[in-house]
C-alpha cells in the first residue's frame, strides 16, 4: 500500500512536489490545497488531481470557475499520512500548528526558519537524521545546492573554509511583479544569512556567503572558492567525483553552454519530469579550477525545482520507506527522469 | 507505410519539428542534420534520433564528442520522401538547389522570402494550395498568428482593414547574444514588412503592420484593430468562434493570467508535446472588445513553436496524406497534445 | 518680482519641476515638501533648496540625517503664490482640499483624474484655457506626447481617426521593485483609457489607444496610425512641420539612433537642463511614412521629463505671466536648454 | 600655457575624457577623432569640439551630414602634446605605432594588454610611476575599482589575500546589441583575468577574482572578502578611512539606496560633470562588515566613467603638470565636480 501524501499550497514548489509525488511507485497523491482558482487549478484538474480549498477561503470562486472541490484542507489532512507544506514563505509556521493538531507528520520548505522543524534536511548530507521525525524542513534552493556540493567535498577532501557569492535571480519566470528590470541589488547584510542556513546541515562548516540580486528569472549562480584540507592531484579527479554523485550535471566545453539560458534550454529539450526542470547542481568543466588548495567553481541552481527530489526523499526518510539515502535517491531520480550518475 | 521525413537544421524550429514528426502516426523521422556538436546533439542522441552531418562540415568534432554520425546531409536526403528545411534564415534559399537536385519535395520556413517556394502556407487558411507542391513555405510565427486570426474573422465577418502592432521578443530564451537589455527598438520602416507577408496568404487583405522590439525572450504580442464588414452583435460571439477553431486558446479573467510570463507558465505546467510550448494563438477574454465595427484584441504568439503544427500539416498536404485541412489539423493536434477546440 | 512657487512632492516629477522652476527668470522656488529623508533630500539640500516636511510626517528622521527642515507643508503653502502638486498618484485629490483651504492655485499631475481640476492642460494645445484658473491638471506623459502630435496634425491636415499603441516602460530607472523582468503584459481593457485622456484636451478627436507594458525603464514608444482629412503631398512636409514646432526632436537616419537606449544616450550627452532628460517628442525620419491618407509614425516619450516644461507653462498661464503660449514656451525652453525649433 | 590634448576615439570613454579634458584649467582639448558621423558627432559639434576624421575613413558622410571636419587623425596628432587613445578594445595596440611615429606620448585604456605601455596606472596607487613616461595604460574600470580599494586597505591594514566576485553589466546603456536579456553567464575560466590585471598595479597582491555577466547596463558590483594582516578594531574605522580618501562615496542606511539603479539616480540628480556619472567607488555602510580578520564589502563601479579622472591624472603625471598625486587628484576632482573627501 502506498503512503498517502497531501500537498498544502500549489505554487512554484507545490505543483512540482505534487507532480513528483504522483510519479513515485510507493507514494500516492491524496490532493492539493489552494486558496483561489487560477490557471494552475485548471491544469491540476485536467490532470485529475483532487483540489481542496483552504479552510478559511471562499469556495464560490472555484464553483463559478467550474473547478470541482474535493473538500477543505482539514479533510485533506485527515486523508493523508503526511503533509508537505508548500505555503508561501512564513505561512508554514502557522500551518505547523494545524498539522500537529491533526497528528500528521509534516515537511516544511526552506522559506521557513529552521526552528519550525526538528531537523533541516538534505538527502545527500543527512538523510538518516530525518528518520521517524514529525517535522522536517527541506532547506532552500541555494542551501540545497551548497549542501550537495559540501557533502561531496567534505567527505573526499575536507573543507577548511568556503566562500560563496550567490548571484540570485530576482523572481521566478511567472512572477511578473518582481524587479529590478535593469540593475544589481546587493543583499544586506554581508555576509548573508545563507551561510548560517548551510550550518543548519553542517554545523561545523566554516562558510561565508554574500548575495546580490540580478534581473533574471531562470537560475541562481554560485561562485565558490573552497579551501581543501587534502586537495586532490588534479581538478579532473574532482570532476569525476561530482559526476559519480547523484544530482550533479557537468557540462563539457564542446556542448557550448555559455550560461543559465542554455542550461534551461537543455532542461526544456530534456523535460525529465514532463517539466522543463533541471533538478541537478549544474557545473561546467571549464568553470572549475584548482589553484593550490583552493578549488574555484561555478554552479547554477534552478530555484524552482532543485528541492523537489529532496522533498520526496524526506518523505521516505520520515515514513521509513527506504533503507538508506542511496536507495531513496535512486528511486526518486528514476521516477523523475533525472539521469543516473556515471559509474 | 509511414512517410519518411528529414529535418535539415536542428535549432529552435528544427528540433521541435523533429519531435513533432516523431510523434505522428503516419510519419517517420529519418534523421536530422547538424553542422557541429552541441548539447542539442547530445539530447537528440539520447532520444535515438539519427544525426547526419552537413555536407561541408567537419565530422571530427562529433567523433571526439562521442556522438555517432549516421551519414551526411546528402545521405539523409536520399533516405527521405520529403525534407523540412530548418536552416538559419536565408540559408534555405541555397539549400533549395540541393533539394531540387535530389528530387525531394521541401518545406521552407518563414525566414526565407516567399519566392523560395511555389506557395506560402497556413493550415487554416490555405491547406489545399499546398497539395502536390514540390516547394512550400510555412510562413513566419507572426504571419502564422495573423493568418489564423484572419481566417476566422474574414470568413465570419469580412475584414475591411486591419491594423496590427507587433511587440516582438528580441531573441529566443537561449540566444544569449541578443539585446537590447533595457530599451525599445522601433523596426524601420513603418509600416513593416509583416503586412506584405500576410498578403502572401491573403492577397486581397488590407492590412498595415508596424513592429517594435522589446527586451523579452518569451513571446510576441500583437495589438490588433480590425474593421469588420459585418460585425456580430456581441464580442462574446467572436470569442465563441475563436474557441471553436483549432489552435486558439482563450484565457478567462478568473485565471489571472496577466501576460506572456504566465502564458508560458501555463505551457510549462501543461507541456503538451513534452515541451513547454504554446502552439496556439493566445487571447484573453478581457483583452478583446468590439467598438462599433472595430474589433480590438491582443494575441500572444509563442515564436518558438507556433509554426510547428503548420509544418506537419504542410507535409500532409504536399504528400497527400490527409483528405482535407480539418482531418490533418485534428491528427496533428492530437499527436502533439494541443487541446481540441470547444464544440 | 518673481512668482513664488512651491513643489509638494519630490519624486521623479517633483524634483524635475523644482529644478525647472529654479531655472526660470520669472519664477522663484520657495521650497519642496518631502515625507522622509533620502538621497534625493541630500541632493536637494546640497543645491540649497529649502526642504519642508509633510504635515503629518515625523521630523526626527530628517534631524538625525542632518537635513535642515525649513518648516511644514502648510508653511510652504503660505509662502507660495502657487503650488505644483507632485504627490504620488491619487494623493493629489486629497491635497486639493488643503490647497483650497490655503487659498492657493494649484497644478496637478496626470496621475490624477481629470475631475481634480477645472481644465486639463497641454501648452501647445490649449494654453489659453488655463488662464486665471485655480486648479489645472497637466496631462500624463503619454497624453502629453499624443496631445502635442495631435496639435500639429489637426491644425495642418485634419485628423479623421487616430490609432495608437503605447508600448510602455514598466517602471522608472530607480524603481527597483517594478517588473516584469522578462515578458509583455497587455493592459486591460482594450482600448485603453489613454484615448479618453487625450479627449480631455481634444474632446472631438476620434482616437483609439491600446497599451502593453514591457521590461524597460527608459522611455515609452507610441506606434501611431493617423488618417488625415487633407493629407500633404509628401511625408517630408510633415517632418518639416514637426521640426518647426517646439518640443519635437527628429533624428536623421545618419545619426544611427536605433531605439530608446540611444535616444537617452543623446540626452545624457546633451544634458539640456543639467539632467539627462529628453523633454521633446522624439521621432525618426525613417520611422514615419504616408500611405494614402494614413500617416504612420513612431514617437518615443521620456516618461520622467516630458511634462516638466508643460508644468512651467501652466504656471505662467494660471498666473498671467506670459501673453501667449508661444512666448511662454520659448521662455521655458530657453531656460531648460531645449533647442529652439527650426525656422 | 595649457597642454594640448588629443582624444582618439569618441565612444563611451572617449567622449567623457574629451569633456573632462575641456574642464581642466591646465589642459586644452585640441580635438577628437571619429570614423563616421553619428549623434555623438552632432553633440560634439554643438559643443564646439573640433572633429577630425580617422586617417583611412571616408570624409563624405561627415560632409553630407553637415559636420565640419577639422582634419585627419594625423593632423590631430601633430597639433597635440599628448594623445589619449580611446579606440575600441585591441585597436589601441595598432594605434601605438602611429603615436610613436608622430613622437607623441600616449595614454591607452584597460581594454589593451599591459604590454602596450611602459606602466599600468591608477592615480591613488602609483601616480609617480607614470612620470615622464611615453606610454601609460589606465587600467580597466573593474581593475581601477579594485586598485583604489586595495590602495586604502594595503597601506592601512595590510592585505593577506583578497577574493573578489565581479558581477558585471552585460553592456553599456546604448549598446543595444548586447545580451543576455534573461540569464547569467559565468565568465570562463575561473579564476578570471582580473586578478592578474590588478597585479599589473600591485605585483605582490594575493588576489583571486571570478566574474559573471548579468542583464544590466548600469554598473558592475564587486563582492569582496579581504583578509587583513592588521585588522582595525571596528568597521567604522574602515569606513572613515574610505570617506577620507578621494573618489569613494559611501551611502548611509537612511538614504535608502538599495542598488545600482538608485546609485545612478543619485548620479543623475547630481550630474557632477554635466553628465549623470558616478566616478567614485560606491560603498554602503550596511554593506561592509568585519568578521575576525576578514573584511567583507560590496562596491559598485560605474563602468562608463570611473576611469575618466584617472586619465586626467595620467596626463599630468606624464607631462609633469602636478607635483604629486594628491595635488593632481584634487585639481581633477574639483574640475569634474567630484565631492572632496571628508576631513
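Think of it as A, B, C and D in the order they're written, each chain with its own count starting at 1.
Going forward, a residue touches a chain if its C-beta (ideal position, glycine included) is under 8 Å from a C-beta of that chain, and two chains touch if they have at least 3 such contacts.
What you are looking at is a predicted structure, and each value in this text was computed from that prediction instead of being measured.
Relative to chain D, the most remote chain by averaged C-alpha coordinates is B.
By count of C-beta pairs in contact, A-B exceeds the other of the chain pairs B-D and A-B.
Chain centres here are Cα means. That of chain A falls 42 Å from that of chain D. In terms of their C-alpha centroids, the spacing between chain A and chain B amounts to 35 Å.
In this assembly, the C-alpha centroid of chain B lies 47 Å from the C-alpha centroid of chain D. The residues of chain C that reach two or more other chains are 173, 175-176, 180-183, 185, 215-217, 258-259, 261, 264, listed in rising order.
Interface residues of chain B, counted against chain D in their complex, comprise 170-171, 173, 175-183, 185, 215-217. Contacts from chain B toward chain C in the complex involve residues 163, 165, 167, 169, 180, 182-186, 188-191, 208, 210, 212-221, 223, 225, 258-261, 264, 284, 286-289, 291, 294, 296-298, 300.
If you check the complex, the residues on chain A that touch chain B are 15, 37-40, 42-43, 46, 61, 64-65, 173-176, 181-182, 217-218, 251-252, 254-259, 261-262, 264-266, 268-271, 274-276.
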